[in-house]
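Beneath this line is the structure, given in structure tokens, with notes to follow.
Which chain is which? They are A, B, C, D, E and F, in the order written, and residues in each are numbered from 1.
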């Protein structure tokens, strides 16, 4: 089995479904950079620019709605490029991001085209944000629809890729309990560089660097007897929505 | 990285802590046989023979306590041999298996000697059985104590091996939710042969074969888009007590 | 109190609300056949034919949408007849089944007309299927609306019938914990005959026969000291949404 | 099937295991009186007199430990007599009631002798009281041990009687959610008379009368369409520890 | 810091969002009267009159829809006046109360205008009532939207006021666990007077007086060592949706 | 009401019950320093020195058990002095800290003597540490026993002080969800100074400074509309075991 392929010889592909332009950087930048560093395809489906709900600075500066969208789009494109991922914008409107059959259907199309082997999205609860659970719900619904032989969309019927929820801003308030700790040490510099593309949220650069360090400490405390991980390990935390399938307990 | 070793070059070792003589066969026989088939060491710490609580037939036949123990010991030794594992008996007395500092300390000794990289034991709740949670509790406590520099036991301080809970007889009543589905297809015949060593519980052979088949169906439904698993896949279900540590989301 | 009547002399009536054409057979066929065998009325409200999401074989055979619907309708009608139940189709469209005020209102009409004393429907969570929770939600909402004096629908205001959730395909993943084990031994042959009406899903006949057997084993282990149930007991598992009201603890 | 017998012809017997002398009156007096009114046997295993923890008035009056015990014993005997139940005292010492193998073993003896078809005890959590969960834990453990063929106690092996947890003083804080609402209207006067035997806790008479009325209101709201329960219905709430086994959904 | 102001000198303002005309009286009348008695502003956003779902008596008397609404409006206005609160009606239609973007947007307007420092609303689950969770969901969504700089509504961006869920009619069935017990003894007469404005629901006056007394008993049992609360203490129970922020543990 | 007194005129007193010598510094140092800064009494009951389980460095340096205990005692005494608290050592032996009736009884004595109005201790679950839940369990049990009129200990019967669980090292794995965010900004320098008394755990100084900063960010996001907290706010997170009792919702 070579790099970038699965046991059946197909390619590894990661699909990231996010509500706003910055989410994929703070929450899954390490996973994206890791996959890209292995030569795998990563596609980000960015449902809105976060123009109303997560662009306070731009509004305080008196920007128009179109300007805010353009700023956030440019930042997200730059960050995706740094991470090595393709990004697609749906401009569905945020705050609130309203789930619609059309938007879910568009995501079914992405699933059938991109054919992900791994899906990353938001957790299903967030008392501080309506849009995050709405995006996650549509990501999950579209994944199920894409598996149905009778669903009328382009492309072949999909298998059942595993789904990982990335970490929300206030994890304990979102019923988020780390189930998977991903070692992102080798790509952390890339993640940091992507964070720095998000000029409007500079106060979060250090916050999420520190989170990476803390998840790294936790990763080492759960890493088993033999791994010998270095002190400056960085990590990202994820939850699983479906059981892990494996040939080895580890 | 060769078969049977970890990233740091040490050996993979599985420690199974069970309350009664039969548990490791029904609930973890596949995982044991898989590890053994890879040339790895597997040690079973069997705290009691299940002489009072899980030997109804022998009692109905009028056996003495010593006879019942001897019967269950012989069955368990045969099953362990079939699976390729070493087994140690503690004869701590079942129904009830009472947690004691001495028994926990004996398990610390096993941890420090065997140096497991993976631990398998019962789930922490079981309304139908007192002994299963008691065994799990001691397995978990001993694991933590074995990690402490100041704990006075032979051997070097242990790392933090992952812990997996195997499936109880009535999973939903024990808050058991499959988090890991282990593909045991290639060793299922070995597991079945080990089950058939347990002559006193013949009614369970088919029951647990059927469970393996059902978990195999579930495994295929969660196996992602590319795996192409055969229809006669067999599985075993596990829960994790600690987060998974990994370098790849899959 | 005679067969088929309640303490106040009214008739026992069971209403089953399902998302797709096959659900009532696999999940509640025993309960339906039992009620019918007691001479009680059973009405099945089948919201969709499962034409897109649960008819993979027909699509692979190249059938049109209309053909798929006709196939599933015929199968469901045959199965309902075997079980002794009346079935009504709403053809609301599946994958996704979208909750709408109109569909909920139609269900209110059914409640007021049929006047169920027991309601059976899907559980409220199912990570593998959008339509099941959607059907359950509408069944529950319509039940509450039908109780309101001011709700503008034909028929008298309804009482508050108990609601039972039947077992999903992957129960542990749907937070399904058996709270009621129904002894369906005496009608199991009828349930099997109804299953065999669903020709397109032949692989499930044995799967659900085995599930019935396993729930039967569990039923016997929880059946109390005196019942003396036979070894070939068959069962179905249910959850309650509301507390049981009774005049005797048992 | 006649009054007071099960389907297999054996007698209905209720075993109540409580921590303190008053618990069975406030929490299960209705169930006890109902069973007794049907001519069934009810045995109360009262582990302590509640001499330290629930006899504040007697201590304020300057009574000795022996006097407090005698007072509570007399009250409990009177209340049991009013309800129609037999009561046995274990005098195991309260505040704290410490679980011991000997006390659990004594309860196994009771199970094998009395052969209950229904068991009532405390819920497993109570932040306001250590003794209640301790009593419940021993009641549950003894029940399992009494079922084991190899457990060395007098009497025949027991079946698996259902277990009901009665309502704690602050139900929401004890994770108590009513799953069974028992109609005790016809015996409420008897329960009230038993409450009035507990002279030291007069402030609770009205409190628990009011609770009975409130659970009666809830019972009527969940009683289904046809029951026509009167406005002055009284109820008691219970949780189940095991699934209900039944031949009819209702 | 004077009465009715916060640490930063702004006024304390309470916003109550309810589904039906009577809810604010039974569930939060004490909190409202307390705040009003301190000279603080209280605004009630009453989304419907409860005309279909909670006006059974009026329908039985043959009233028209317009009459029922008028009756309930008059009652609610009288009760709000007694409590000292302002009330606004949205007439959004009940049974079902359907969440819409327009209604949520109207609530955003209320938040930005009224600028609450405390928000009270329904709990998020209620198996007996669709409208209560729907109202709570909109109250929570509007609160988040009102905080977004880019949300196009009149008024300044809002801070993040704490949210309290008041007690549903069947608390245990709604996952309601008291986290805050509010002492309403000094205003209980006012709450009772407000209850008596709801002539159509006279059967609830005593029910909710009794609930107040019971929550008062619980309040005293949790009130710490020194408070010396009187025996006739009255209370109301609340849950928090967000963590408490404080400068002192107490 | 003056500083350091309750509404009934008694003094505010904080009792902290911890398993090991360092816990009170990392987890509750801010709360302790805040109370002390208000002139209130704070007593720390330190059940063990953490000599075996949390002194890895000393063991690696070849210290004897007595030496390790002396080192940890000196550190803890210094830290308590910096915070302004009294500390008492029970030397009960760690790893494992075994709950015993004698140790619980000793804590009852402390409760009756110190008469706390607030209690701080560990959370009830910790997969990484046996001793923390054991200490919490004894702290809770002793609190209940100290309230019983009949419990034979010196001193007057206690009231019911609120209990707060402080934050474990891996909060999400311990079911820890922040319910109270305490603003410790004004005493953070004191907490840091106390941390620096724990020379053996220097790697944690920055870790817990960072945690304080992160909880401060969360505190500001939940602080309501008017507080105007500074950017360098520090916080500590707590859970409540009992409902809050209050005269004002805020």
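Structural remarks
Here is the rule we use: a residue touches a chain if its C-beta (ideal position, glycine included) is under 8 Å from a C-beta of that chain, and two chains touch if they have at least 3 such contacts.
Source: prediction; values computed, not measured.
Considering every other chain in turn, the ones in contact with both subunit B and subunit D prove to be C, F.
Of all chains, F has its CA centroid at the greatest distance from the CA centroid of subunit C. Here the C-alpha atoms of subunit A line up with those of subunit D after a rotation of 180°, rounded in steps of 5. At the interface between subunit C and subunit D, two copies of one sequence, more than half of the residue numbers in use are shared by both copies. Across the two interfaces under comparison, D-E and C-E, the one joined by more C-beta contacts turns out to be C-E.
Centre-to-centre separation of subunit A and subunit C, using mean CA positions: 38 Å. In whole angstrom, the spacing between the mean C-alpha positions of subunit A and subunit B is 36. Within subunit D, the positions touching two or more other chains are listed as 128, 173, 178, 218, 221, 242-243. Touching pairs of chains, sorted by label, consist of A-B, A-C, A-E, A-F, B-C, B-D, B-F, C-D, C-E, D-E, D-F, E-F. Interface residues of subunit D facing subunit F in the complex, by the touch rule stated above, are 51-53, 55-56, 59-60, 65, 68, 95-96, 98, 127-130, 173. Those residues of subunit E that touch subunit D in the shared complex are 128, 170-173, 176-178, 207, 210, 214, 217-218, 221.
For subunit A in complex with subunit C, the residues that touch the partner chain are 101, 104, 140-141, 144-145, 148-152, 241-243. Touching subunit B in their complex are the following residues of subunit A: 6-10, 14, 31, 34-35, 115-118, 120, 158-162, 164, 178-183, 218-219, 221-228, 237-238, 240, 242-250.
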